[in-house]
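Presented below is the structure to which this report refers.
When the chains are written out, they are named A, B and C in that same order, and each has its own residue count from 1.
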Amino acid sequence: MEIFIAQLINAIALGSVYALLVTGFNLLVVVGGIFPFAYSHLVVLSMYMCWFAMKMTGDSVVVGILAGVLSGTAFSFITEPVFRPLAKRGAVLGSFIVAMALSLIITEFMAQKLNMGIVISFPQSLQGKEALIRFGTATVTAGQIATIVGSIGAGLGFFYLLYRTKQGRAFRAMGQSPFSARLLGIPIVKTRIYAYLIAGLLGGISAVFLAMAIGTASSSLGDNLALKVMAVSMLAGIGNLGGGLVAALILGLSEGMVLAYLPGDWSQAIAFGMIMVVVMIRPKGLFGTMA
Amino acid sequence: MSLSLYYYFQLTAIFIMLGWTLYWIYRIGQLNNAPIAIMAIGAYLSSYAVLKWGWPFAAAFAFAVICGAVFAVIPALGLGRAPAFAMVIATIALIFIMQTVFRNLPWFGGALGLFGIPKIKNLLWITYGCLIFFGILIYRFDHSRLGRAADIVFEDRDVASTLGINIYLFSVCLQVMTGVMGAVAGVLYAFTIRTVIPVYFGFPFLLAITTFIFVGGYTTMWGVIVFTPILWGIPLILPESFAAYRNFIYGVLLMGTLLLRSEGAIDRRFLRWLRKSVVYAFEEISHRWKKLRQIRG
Amino acid sequence: MSYGSIKALRGVNIEVNEKEIVVLIGANGAGKTTLVESILGITPVEKGRIMFMGEEITQKKTEYVVASGLCLIPEGRGILPLMTVMENLQLGAHHFKGDTSENLELIYRCFPVLEERSKQMAGTLSGGEQQMLSVARGLMSAPQLMMLDEPSLGLAPAVMKDLFRTIGELNSAGYTILLSEQNARQALQCAHRGYVFETGEIVLSGTSEELMHNQRVQQAYLGGVV
């Protein structure tokens, strides 16, 4: 029973990071007007940056976290001009393919150039494997608590931004009707850039928590995450922020629980199978599209 | 002929076929990656049949293709009505699922796959026979009412349905057709390389094929024909150090094309220009030839 | 300006003075919306200049134009149905610097309904209420010039009367208004001056009195004698 709870906590931690990723993803869909397939890849790249930073500073956790978060934000910011002409034209499918191409470039870069393609492993200090709570034979680690609390915090912060601030209103307006947003004098390009920055920030934070939750990273992690993120957003309905959170938790839970009882590979296949079924029965997702 | 040339010709033909599968379905505006997943089915089933059951090639071929077709119907029925995204993601998911299934089922050799697949005589002829067969099929499609209907669906789905075009049926038929093509490509691939491992039928492969068609031009079938040999062939000639960057270059080319010349290198305008120039050149030459004969007396 | 190879507007010259109500009359597609949208910077201008309060705004981006004090209440209202009434109003004040509570007071006085429904989703409001919201949203930025594009479209006659009365009241309160309308009669009745548009050109202009008594206007837009 305790093992079950421990695995549950692990699954929740995983799910909460997915939730952050999906939120960033959905933000880019809704405000950026594109399909950010390469988002997860940029997150993995940020994980590498975090790892490098820690290596160079003798495993300093603070530096690692800063590196991860800042690089996530920076990478996202850099990709904005690339997608701008596509967003302007409303060429979402085109942006998908461009993003796929970008993801290929990033994956190859990581496979060839970073750490010579070997899997990287994050230092223990970051992973926070010390047990904080014990009950019976199960433990809850500091890392897991940090991940859950941090993700909730970031998520709450984001929702506060979206629903209680001027910029957040501008985001939602742009997402619902770019034309009306324009008429209101909302600066379209600037707002999009902010969206990319915030999505990047969320991505950087996710990178750090992923490092904690998974402990390793490799060039194939990008594709792996991208598919899960897409799967979650399809499950919930693309652009549906609230639904995305729920779906992310569902995925995290199922993956976590399945991983515990079936060999690793099957968990992915099951997740995808779920997605395919949902897509075929209810293409708009369980909760419907749009914020 | 030398082995490398053989591989080149074989694989080029197979990749052109795969590029056509993406092309054909994209004619109605849908990005469907299922043929690559079905390629895995074609490859594994046909090689399994030959290796473990001892079937002759023709029987294995037919078996694999029929299984592929049957398998293509299921997602086709579900996805025919799906919005564009849903279809792309679902089919990418399908590719992953297929890889996982074949990697984990006990009969297919796990991550090491199947190997020692026997050589088939005249495979080159068979491959090109299939290529030409499908090429003619697509050509006839493009230059028929169906092709024009596809154009309308691509431009504006709502207008198309008001004109009575049954998009769902169209999509399902195309998905099954391209599924068959995928299965055929899979069989040919397995018997060309003579090993089948799960890694082959994954994401980077999908991206390579996507690059061939989008860089070559997705509005006509010729873009794939011209650019696949080039994009696939050049990395083979380059020295080892460059070859490693192949996927990287594909990614860059794909991005560049979509951002700068979104329809790809060979588009319909280019084809029309080409035809006009060829006709003009031909007329000029025959004109000059006639004059020359007059002078000669 | 032109859409592709078809020129939408040709040789258009209009003037709006402070505290006036100027109306643009003409059939659908005559170019009124194009003009209004190009003033706002949504449609690019090929030849000509747009001056606002002594400053040239011809090539400026929409956000700049709006920040300078122009606002457009578009045809079809352009409200955001998935956001609350209050949020829609807050969006209207996006460029407004300062405390918006005064603006809100004015708006709630003119449109008490909006105060009642301030927490409701804008999409659940009736046509007339949505129109009010649209106008109110424009008011939130305390604009120097309000442009309304076909505000009476889709409104019931009683509501339409209210609308034009409100426009008159706003004008009395000091707002300058540029109105584009198919409903020529009511529009001319509340306006000071007007321009008549036909296929992208101005064919007539003058005070509303002159236009109302003009034969051509009467036959084409007023359905006979006024």
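Just so we're on the same page, a residue touches a chain if its C-beta (ideal position, glycine included) is under 8 Å from a C-beta of that chain, and two chains touch if they have at least 3 such contacts.
This is a predicted model, so every value here is computed, not measured.
**Student:** Farthest chain from chain C, going by the mean of C-alpha atoms per chain?
**Tutor:** Here the answer is chain B, farthest from chain C.
**Student:** State which chain is most central when centres are taken as means of Cα atoms.
**Tutor:** A
**Student:** How far is the middle of chain A from the middle of chain B, if each middle is the mean of its Cα atoms, in Å?
**Tutor:** 33
**Student:** So the centre of each chain is just the mean of its C-alpha atoms; given that, what is the distance between chain B and chain C in Å?
**Tutor:** Distance between chain centres, rounded to whole Å: 54 Å.
**Student:** When the C-alpha atoms of chain A and chain C are each averaged to a single point, how far apart are the two points in Å?
**Tutor:** Chain A and chain C have C-alpha centres separated by 44 Å.
**Student:** Help me check something: in the complex, which residues belonging to chain A touch chain B?
**Tutor:** Counting only chain A, the residues touching chain B are 35, 82, 85-86, 91-94, 96-98, 100-105, 107-109, 112, 223, 227, 230-231, 234, 238, 263, 265-266, 268-269, 272-273, 275-276, 279-281, 283-284.
**Student:** Chain A touches which residues of chain B in the complex?
**Tutor:** Within the complex, chain B contacts chain A at residues 29, 31, 75, 78-79, 81-90, 92-94, 96-97, 100-101, 103-104, 203-204, 207, 210-211, 214, 244-245, 247-248, 250-252, 254-255, 258-259, 262.
**Student:** Applying the document's contact rule, which stretches of chain C touch chain A when the two form their complex?
**Tutor:** Touching chain A: residues 40, 42, 61-63, 65-67, 71-72, 74, 78-83, 87, 90-92, 94-95, 137, 141 of chain C.
**Student:** Where on chain A does chain C make contact in their complex?
**Tutor:** It comes out as residues 166, 169-170, 172-173, 176-177, 179-180, 182-188, 190, 290-291.
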